[in-house]
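In the two complexes that follow, chain A is the common piece, with chain B as its partner first and chain C second.
What follows is the complex of A and B.
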C-alpha cells in the first residue's frame, strides 16, 4: 500500500493525463531512431520524471523498468572519497551529481566517459546508444557544466543525455543549445482536477468539486503535492464533501508561518535572536533557504500594510539572490529579517526610512 | 652641639624609608647640624648608624655629607665652606637611605661577578694543559662567548629576582629530604610540603623557574639531573634514565663518570628536574603517567617545571606534587639585577628606561637580557624613547582568542571618538582568527547596548537601534559574499582586508557599546553556526540515503522528499505508533517496506521534523515498549532492500568517519595517561601486557577492532 501518488503513477506516455501534444512528440522522437539530447524543464511536480520514464520505455521497452541502485565511490583529486548513488537498468543510467556538491565535475567526467567508451552489448537492444539521465541539472556547478559540453558532442554515437531541471536559467547557453528543450509546464487547474478525479475513481470515491478546487489551488501546479494532500485529507475525513475541510500544512510551512508572526509581533534585538534560532532549526532540517525566505515573506506580506508589501518582497528577492552567491545562508536570511523589522517599525511609527541599499 | 634643644618642628611628618640593604650607608661619615623638621637629632643619628654610617661631631675633610637643618651652627657652616663638603637637607638624607643601597649594591654585585669570572678563568687556566696566559685568554673568550642569560645566570639565592618565599620553601623541602625519606613522607612539616616526593613549579616563561630549581638543588647538595623537552621522555626512558631508587652503584663501581641511557651523570645524591613537563607530547607516550608512577616510589627529589598548571595533560601530576606557583617578579626586584649587569657591561642606561624594558617584557628577565645584549652590539646607552621603541619591537604578539577579540571590538572603547586605534588596528582584530571572528561577530552583534543611541529615548531610540542593526546585518551579509569570493573557485585572498571590514569592523562600528561581556544579561556566546552547519550536513546526508532508497518508488528529488513526502509519510509511519502504540507496528513496517525504508531511515524521518513534528516531541509520545517492539519486529523480519551500501559489501574501503566509533588515537593516549591512583599497581601489570593495550590492538585487527579497542580504555578510566 504505497501512497497514491506512487501507486497511480502513469507508466507509459499513453497513460498521461495532460500535455498530450508533448507525449505525442516524445513518442515520435523515440520511434524516429534519431534521438537527440534532451533537456526537460519545468516546476517540480509537473511530471518531468514521469515523462522521462515514459520516453525510456518507448525507446528501450520493458527492460528499463528493471532498475537497480548502485553506490559508487569516486576519488577526488584531493583523495577525498565521494559516494554517489546510481540508478541503472541495462539501457540507461540515472545520476544526481549535485549529491556531492562541488565535486560534481569528477562524477560527470568519470561516469560519462565510462558509459561513452563502452558500446551497447545487448545486440537485441532497440537502440544502439545508452541513455544517461542527469537529475537536478540546474544545480550543476559551472565546472561540471563545462565538462558536459564537449562530451555531449564527442560521444554522440554511444550515448544520449537527458537533463532534468527546474529552470534553464542556471544552465550555460552551450548546454542549452546542444539539447532539445522540452518544457513540462505545470498542469492547469482543470488538468489537475482530471488527475484528481482519475485517482479518486481508481480508489473508489468521488471528489466533490469544491474540494478538488481547494486541493488544486493549494498545490499550485504540483501534482505530487495535490495527490499527497488528497490522500492526507481522505485519511483524516472520510467525507470529503464537508465544508469545514481544511488542508493540513506540512510541518515546515507551519513553522515558517510562526516565524513570520514573530517578526510582526515584536521588533527588537532579542526577537531577532529568537528568529535566528528558528531559522537555524529550519535550515538544519534540510528546508532549502530559498523556500524558507519565500514562505516567510509571503506570510509577512499577508499581514502588513499595502505600502510595505512591495518593499518587503523587493528585499526578499535581493537577499535571496545574495544567498545564492554567498556561503552562509543564515547571514542573509537574518539580514532580511532585520531589514523587515526595521521597515515595519518605521512604517508603524510613521517615520520614513530613507535608506536605499547602498546609501550609508 | 647643644645639650638641650627644642624638638623638631613637625615630628614624624616625613616617612622614613626602609632601606633594603642594612648597610646602605656603609663607608660614609655624617655630620648633623641644625634642626631637622621631622626627625629629632637623636633619631637622625640613630638612623645613620643603623644603616652603617659613621656620625661625627665636627665636619672635617673626611666627612662625606653634612646634613643641614634650620639654624645650623655658624662654625660648622664655615668648616663646610672650607673643606668644600657635600651638604644634604633632611629630604636628601632620607633619599640617600632609600636609594644609595641600590647603587652600592649594584657595584657590589658587579664586583662579585667580576671576581667570579676571574676565578672561573683561573680555574680554566689551571686545568688547561697549555700555557697559563693562553689558557686564560681562551677562558676569557669562552665566558665572553656565552649568552648573557647564561653568563649572568644567578649563582646564589640572593641573586634570584622575586619569588623569595617559593624559593625558600623549595630549599627547605630539599633540605629536609633525607629526614622525609626516613619518616616515609608521613610528617607534613611546617608547610605541609614534606609529605610530597615531588614539587611542581609553574609560572610564565623567563622568570627563573629552571634557574631556581637548579640552584636550590645544588645548594642543598644534590646533583641536578635535568630532563627537558629536548630529551625523549617516553615511559621507558623515564623509568630507565632516572636512578630514582637511589640505589645504583654504577658511579661507585666504575669510579669515573658514569652516564645512563639518557646520557646524564648518575651520582648517589641526585635530584631529578623534569623541565617543561607540559611539553611532554605525543612522542613521549605515557610519559606523564610514568612520571606520576615514578613520583610515587622515588627516593630522590623530583622537581617538575611547567608553564601552565591548568593544562589538561598535567592533571595527573597536580595531585601527586606540591605546587609552587612562581609569579612574575616586581619591576623593582628585577631592576637592580639588570642595573648591575649593565654596570658590569659598561652600559649606561637610566633606571627608568630599565623599568620600562622590564615592564614591556612583562618581567621576563630572559627577554630583557636578550634585548639588552643585542642593543649592546651597537650602543652603550639608551634613552627613554629608544627604550620604548625597543620594547615595541620585541613586543610579544599574543594571539587573542575570538572571545577576547569580540569582547574588545564590540566593547565601548574601540570606536570612541577619542580612541587611538586606527582602522588598521581594528582590522588587525579580525586577523587574530579570520575564520572565527566573523562567526563570533554574527553570533553576538545584537547583544550590545549601542553607544550610538545612548542619548536617545523612546521610539526614536528603538528606530535608530533597528536602523543600526539593519546596517550591521547588511554589512555582515556583504561580508559573506566577499567570503565566498575568497573561498570560491578563484580564491581572491587579497580580499581579506575587505572581508575584515565588512564582516567585523563595520558591524562593530554601528553596534559597539556596553552590554555583552561587560556584565550585561547576554554574555558573548560561541557561534551556533558551526553546530547547526554540521547538523545540517549530517541530516542532509541521511536524507540523501532516504531519497536513494525511495528512488525506485518515488520520482522526487531530495528537497521534494523533505518538503512533500516526509510530511505525508508521517501519518503513515510515525503517527500510528504515537497514537496506537505497539498494535500499529506491523502496519508501519509494511508501509516502510513498500518504500524500502529501513529502521535507520525511520529515525531520520523523525529527526527531520520541525515544529509539531520535532523529533524530541514525537519520540516522547511513543512509549518505550512500542519502540522496543518496533525495533525487535523490524529486525526479526526480512525486508526488501533497494541496494546495499558500498561499504557493506566491502567493495570500497570506506572512510572511517562513517563507520561509527573511530579510534581516536589522541584521546587514547590521554586515557592511558590518566592513571587512577587506586589502580596503580594493577596498571603496572596491564601496561606491559600487549593484549590489553588498546594502542597495539588497533592496527592489528583493523577497523573492526578499533571500535572495541576503545572500550577497554574507557573501562579503565571509569
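What follows is the complex of A and C.
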C-alpha cells in the first residue's frame, strides 16, 4: 500500500489538475517530433516531476514506466570511485549528479557521452532520441554546467536533456539560453483544494470546507505536503471535522519556534549557550542550516516591533549568504542569534542603533 | 564545372545524414564562411587577409556569449583547409572534454608535434589555400586551470612553425598573461539590434516562420546582443506556435515566457510594495499620488507578502532583480540618490545569489532595503 501522494499522482498530462495551458503546450511539443532541451523550474511540490513523467509518457508511450535501478561506478581523475544510482528505462535515464558533490562533472561527462554516442536501437521507439533527466540541476557545480554547454549542442541528434531545478538563478546563462524554459508555478489555493477534493473522492470520503482551507493554507503551495498532511489527519481522526483538528507541525519546526521564543525572552551569554545547544541538535538531525535560520527568523519577526523587523531579516539574509561561502555553518547561525539579541536589547534600552547597518 | 557537380551533391548528401529538421537552428545556420559572420567587421577584415596571405598568428578571441567566436574560427578553418583536410588539421577541445594538465601534456602536445600531412585533393572540386600548419582550437579556454594554461606556454612557442593556437573565451582576464601576450587578441562585441534582427529575419524567412516586427523587437530585447540566445528563442517559439493545430503566429508574450522574463505587472507590483509609484500614474502630478491610498499594504508585511508570492509563482530571483533594476534606473520620479542606493542593494543581492544564497531571504532583503532607501529622502 503506497502513500496517497504516489497512489493518486497523475500519470499522464491529461490527468493533471492545474496549469492546463502548460500541459497543452507540453503535449503539443511531444507530438511535434521536434523536441527541444527543456528546463523545468518552480518551487518544490508544484508538480515539476509529475509533469516530466507525463511528458515522457507522451513522448515514448508505456515503455517509460518500466524502470530499473542501476548502480554505476565512476572513476575520478584521481582514481577515486564514485557510486551513482541511475534510474532508467529503455528510452530515458534519470540522474541526480549532485549526489556526488564536487565530482558531478565526471558523472555528467561520462553518462552524457555514453548515451549520446549510442543511437536508439529499439526500432519500435516513437522517437529517435533518448532523454536524459537531470534532477536538482541547480546544485550542479560550475564545472559540470560548463561541461554541459557544448555537449548539449553537439549531441542534439541522439539525445535531449530535461533539467529540473528549483530556480534558474544558479544555472549559468549559456545553459539557460540553450533550453526551453518551463515555469511550473505553485498552485493557487482553489487549485489545491480541487486536488484535495479529488483525492478525497477517490478514497471515498468528503473533506469539509474548513479542513480543506486549513490544509491548503498550511501547505503554502506545496501539493505533496498537503496530501501528506491530509493522509496523516485522516489516520488520526476519521471524520475530519475541523473543530478538533490541528495540523501537527514537524518536530524541527516546533523546535525552531522554541529557539525563537528563547531569543525573545532573554538576551544573555548564558542564553546564547542554550540556543547553541539547540542549534547543534537541529544540525545533527540534518536540518539544512538555511532552513533553520529562515524558520527562526520568520518566527522572531512575528513577535518583535515593526522597527526591528527589517533589520532582523537583513541580518538573516547576510548571515545566510555567508554561511554558503563559509565552511562551518554553526558559526554563522550563532553570529546571527547574537546579532538579533543585541539588536533587540539595544532597541529596548533605547540605544541609538547606528553601528554599521544603517548607512548603506 | 558540370563534371564536378555529381560529386558535390554526394558530399552534400553525406553531410545531411543528420536529419536537418531536428537540428538546432543555431547549428544549422552557423556561418559557413567568415563573410557570413554577423556584425564583427573588424575581426573579419583582419582574418580575410590571412586567407590570402596564408600566414596566421596565434589568436585569442574574447567577448560575451553568442557573438560568434566559435563560429568564426570554425568557418575560418573550414575555408582554409576544406572539408577533407579539416579532420587531420584541426583539433577542437572544449570544456566538455577533459582538459587538465595531463591532456595538455599528452593530447595537445602530440597533435602539435605532428608535421601536417600533405594536402589531400579536395573532393568538392574547389581549391583551398591549405597553408602548412594545423590549428588547435581551445574553446571556453577560461575554464582551463592555471596549471594547464602554464603548460601551454612552451608548447605554443616550440611548435609555432607547424601549429597555430586559437583560444576562445568569455573573460580575457582569466587567461594568464604569458598566454595572452603570445596571441593577437580579437574582441567580439555584442551584436547591435539591427544586426540581430537582420539575421533573425533571414533565418525566419528560410524556415518559413512569420515574424512580426513586435516579436523581432522582443527577441532582440530579451537576448541582449546574444545571437545564439535569440535564435534559440526564435526556434522554441516557432516550435510552440506550429505545434498547435492551426499554426498560431508568434507573439511577443510567447518570447518573453520562453526567455523566462517576469511579466511587467509582477515587477511593477513588487516595486509598488517598495513605495515606487507605477510609471503610468501621470507624469507631472505623479508626485501627488499617494501609494498607500491605493489600498496596497506597504512596509514590512506588504513587502513580505509580495516576496512570498513571487517565490510561489516560481520566478527566479536573479531575473526579478535584473528587471527591478531596469525599472528603477529608468524611473522618472526617483532621485539620483535613491537610485544609487537601490543599485547598491541590487549589486549586493546579485553577489549573494551568485554565491548560492537563499532566494526568498534575498528577495525580501532587496525589498526591505530598497523600501528603506526610497523612503529615506523622498
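We take it that the second predicted complex is superposed on the first by the 354 of 360 C-alpha atoms of A that agree within 3 Å, B and C clash if a C-alpha of one lies under 4 Å from a C-alpha of the other, contacts with A are read in each partner's own complex, and residues count from 1 in each chain.
One rule holds in what follows: a residue touches a chain if its C-beta (ideal position, glycine included) is under 8 Å from a C-beta of that chain, and two chains touch if they have at least 3 such contacts.
Predicted model, so just to flag it, every value in this text is computed and none were measured.
Superposition model on chain A: chain B and chain C are shown accommodated side by side without a clash.
Of the two partner chains, chain C is the only one that A:28 touches; chain B does not reach it. In the superposition on chain A, A:325 makes contact with both chain B and chain C.
The larger set of touched chain A residues comes from B, when the choice is between chain B and chain C. Contacts of A:78 after superposition: neither chain B nor chain C is touched. Of the two partner chains placed by superposition, A:265 touches none, neither chain B nor chain C. Contacts of A:228 after superposition on the shared chain: chain B is touched, whereas chain C is not. Within the superposed three-chain model, A:143 lies in touch with chain B and with chain C [touch as defined at top]. After superposing both complexes on chain A, the closest C-alpha pair between chain B and chain C lies 9 Å apart.
Shared contact residues of chain A with chain B and chain C: 143, 325, 360.
Put simply, chain A touches chain B in their complex at residues 1-3, 6, 9, 44-45, 49-50, 53, 67-73, 81, 83, 85, 87, 96, 99, 135-136, 142-143, 222, 224-225, 228, 231-232, 235, 250-252, 254-255, 258, 267-270, 272-273, 276-277, 280-288, 291, 319, 322, 325-328, 330-332, 334-335, 337-339, 341-342, 345-346, 349, 351, 353, 355, 357, 360. Those residues of chain A lying in contact with chain C across their complex are 24-25, 28-29, 31-34, 36, 41-43, 46, 77, 109, 128-129, 143, 146-151, 153-154, 156-157, 167-170, 173-174, 176-178, 180-181, 183-186, 220-221, 290, 294, 297, 301, 306, 309-310, 313-314, 316-318, 320-321, 324-325, 360. Interface of chain C with chain A (complex): residues 18-19, 21-24, 26-27, 65-66, 94-96, 98, 100, 102, 139-140, 143, 226, 228-229, 232-233, 235-236, 239-240, 242-244, 257-260, 299-300, 311-319, 341, 344-345, 352-353, 355-362, 364-365, 368-369, 371-373. Here chain B touches chain A in the complex through residues 442, 446-447, 459, 462-463, 465-467, 469-471, 473-474, 476-477, 479-481, 483-484, 487, 489, 528-529, 532-533, 535-536, 539-540, 543-544, 548-549, 551-560, 562-572, 590-591, 594-595, 608-613, 642-646, 651-652, 654-655, going by the rule given at the top.
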